[in-house]
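Single-structure report; data block below.
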Amino acid sequence: MSTTPKASRSQTIHWLGSIGVIALMTVAGYAALFVAPEERSMGLIQRIFYFHATSGMTAFVAFFLCFIGNILYIVKRESRWDWLAVSSAEVGVAFNTVVLVTGPIWARPVWGIWWTWDARLTSTFVLWLLYISFLLLRTLVDDSNRRAVVSAVFGIFAFLDVPLVYMSIRWWRTQHPQPVLFGGPGSGLDPQMRAVFYTCWVALLGLMTLLIRQRYRLEALRHEVQELRVQVETQ
Amino acid sequence: MNLARGARIILAKELRTEFRARELLSTTIVFVLLVIVLFSFTFDPTSAESRRFGPGLLWLAFLFAGSLMLQPSFLREQSNDTLASLRMAPIEPFAIFLGKIAANLFFMLLAELFLLPVFAVLYNVSIVPVFGSLTLVLFLGTLGVATVGTVLSAISVHARMRELMLPLLLLPALTPVLVASAEVTAGLMAQPPVLNTEGLLLLVIFDVVFLTAAWLVAEYLLEE
Amino acid sequence: MSAPHNAADPALGIAFQEIEKRYGDLFALRRVSLSIRPGEMVALVGANGSGKSTLLRVAAGLVRPSSGRIEFGTRSIAEGPYGSLALRRRIAMVGHSIMLYDALTAEENLSLFGQLHDLSGLPALIRDGLAAAGLAQRSSSLVRTFSRGMRQRLAIARALLSAPGLLLLDEPTTGLDVQGIAWFTDTLRRLRRGGCTIVMSTHGPSEALRLATRAVRLEAGRVAADSAKGAELTSMLDFQEN
């Protein structure tokens, strides 16, 4: 373990942050399970909603960070923006996966079906595919500079696509209406539910930040190792 | 204006090359035909069902064909490093893309307009009264496919497994085009036919957004 | 927007300042600083992989250096002629590949290039260029049908079409027969008289090198020797086998 002042301060932040996030997640979990009022028709399983919808929102924030990283890399050509992009894309995909997994878990006991092609779930699926492709593209380009440029361009296109995907699928659903499951957008949340909802969201945002930061540091370390190796080889 | 001039010259080059070889166009047409026919084996279409499923299948076939046909766009420029001579020319980098997008749009439209009557016959839909509107949605949708596809062709040239990479990147990205185009086409093939302007608007927005994005990133895609 | 031009441009000088190019772990160019005056003919020598091709591509604006600056004449550009269309008009290159379309005829290739460069009097330029290169008989044949030597001659003819102020040549005599080399050397001689900076890379002896006024050797991406800075020109161009 390194002992430079900067490194140990970074470690302190990391430990404090981790503890903070764990605390937040615990609070959120408790709130979702015990504090939030029981939903009339769906029972216990409905509580998964507090993590289902919020994961989706958190994924979007992560993808937005990826978009920022992509743009800044193209403009400034500093590797750290590429590290931000890949870190937030991976974390975004993880949160998106949570949405796609909790959906069926919720839907099956309540509505008797595993999957529904409703607007949000479908859009989430497409986004998931899009950013999985982003990550896959990165593994298939060997030169690190080109990989960064090329994936930044695709990342920009992918994020610009996000609102269009949502709009088009929502419009498609208005053309072929289905019964609304998962509590439609803005379907009046009871104030207590709303409080729990936002608590969970803040907790997830904290978790997202922690994960991105860790992944970012991993990239930074990899880069450092590579630089050292190159330095050694050219002596 | 350098952009228009450069794009026009490159468009002419692409057209000349393809009309001489004619391999891309014929392969695309046969492929789409194949997809349409094979799809028809998977369900037994009554007229009403055809009208419901048909347009979606048609656009799906177009998208698949597009993802295969757009592949050579930049791949071709790697042999003899001709891309270098285009990049060294005193034209805007986006002119290279614009010329190729226009060429790809042209060929895909050509294939689609050829296949539309064939589809109409196979699926018993009437297209003559709405042919103008159909052409419009074909144009707007295909422009979206060509724009994103040409950019992704430039990207996938640098990746391993590029034959798989292009469809992999392209198909999720084109979801809005598929959804909107299929819906508008379905509306036009319904009885009575209806023109869904919201869908057209979505396509226009898609095209504008991605043409602009392509313009902004063109030079970065071409650099070494 | 500039008017189409054809008159031989005044020669263009080029200065590399601390140019570095890295591909992942590999350094193609390391801190290369080199100043080439207008009208000079520089022979770029070095083994395969020493960075000659990369340096030429950086000068051509094809490769973006990882760091460093390039100056053309009095203009200073960090990444090469990317942003400057005016500069690109004056630079031409005969690269490692011929940069020609196999599926087009010789005439169509030159026409494409000429139109992109907005050259006036193009039909005459093409006719003369093909005749000088000894390809007049095959002007309507697809490049695909050309022999190696013919392709090289066409590549050279293409580069000369725009009467460049800076000509970058990457092993340009590869594939040329004795007559081809004689024609090429003659052409270089004429270009130099008309005013053109030439940078030519080579890894072996060549007739054309006799015209060089300066030689620079690259080794592992670095400038190892420069005849303008003391090294002996003729011995650098001697290519003794060790």
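In order of appearance the chains are A, B and C, and numbering begins at 1 in each one.
The rule is short, and it goes like this: contacts are C-beta pairs under 8 Å (C-beta built on N, C-alpha and C of every residue); 3 or more make two chains touch, one makes a residue touch a chain.
Model, not experiment: these values are computed from the prediction.
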| item | value |
| --- | --- |
| Nearest-to-centre chain - CA centroid comparison | B |
| Between the pairs A-C and A-B, the one where more C-beta pairs touch | A-B |
| Distance from the mean Cα position of chain C to that of chain B, given in whole angstrom | 38 |
| Separation of mean Cα positions, chain C and chain A [Å, integer] | 50 |
| Between chain B and chain A, distance of the C-alpha-averaged centres to the nearest whole Å | 31 |
| For chain B, residues contacting two or more additional chains | 223-224 |
| For chain A, residues contacting two or more additional chains | 142-143 |
| Chain A to chain B touching residues, read off their complex | 74, 126, 129-130, 133, 136-137, 140-143, 146, 149-150, 152-154, 156-158, 160-161, 164-165, 167-169, 171-172, 175 |
| Contact footprint of chain A on chain C as seen in their complex | 22-25, 27, 66 |
| Chain B to chain C touching residues, read off their complex | 1-2, 5-6, 9, 13, 16-17, 20-21, 79-82, 84-92, 219, 223-224 |
| Contact footprint of chain C on chain A as seen in their complex | 142-145, 226, 229-230, 233-234 |
| Footprint of chain B on chain C - complex, ascending | 1, 57, 60-64, 82, 85-86, 88-89, 91-93, 95-104, 108, 112-113, 115-118, 158 |
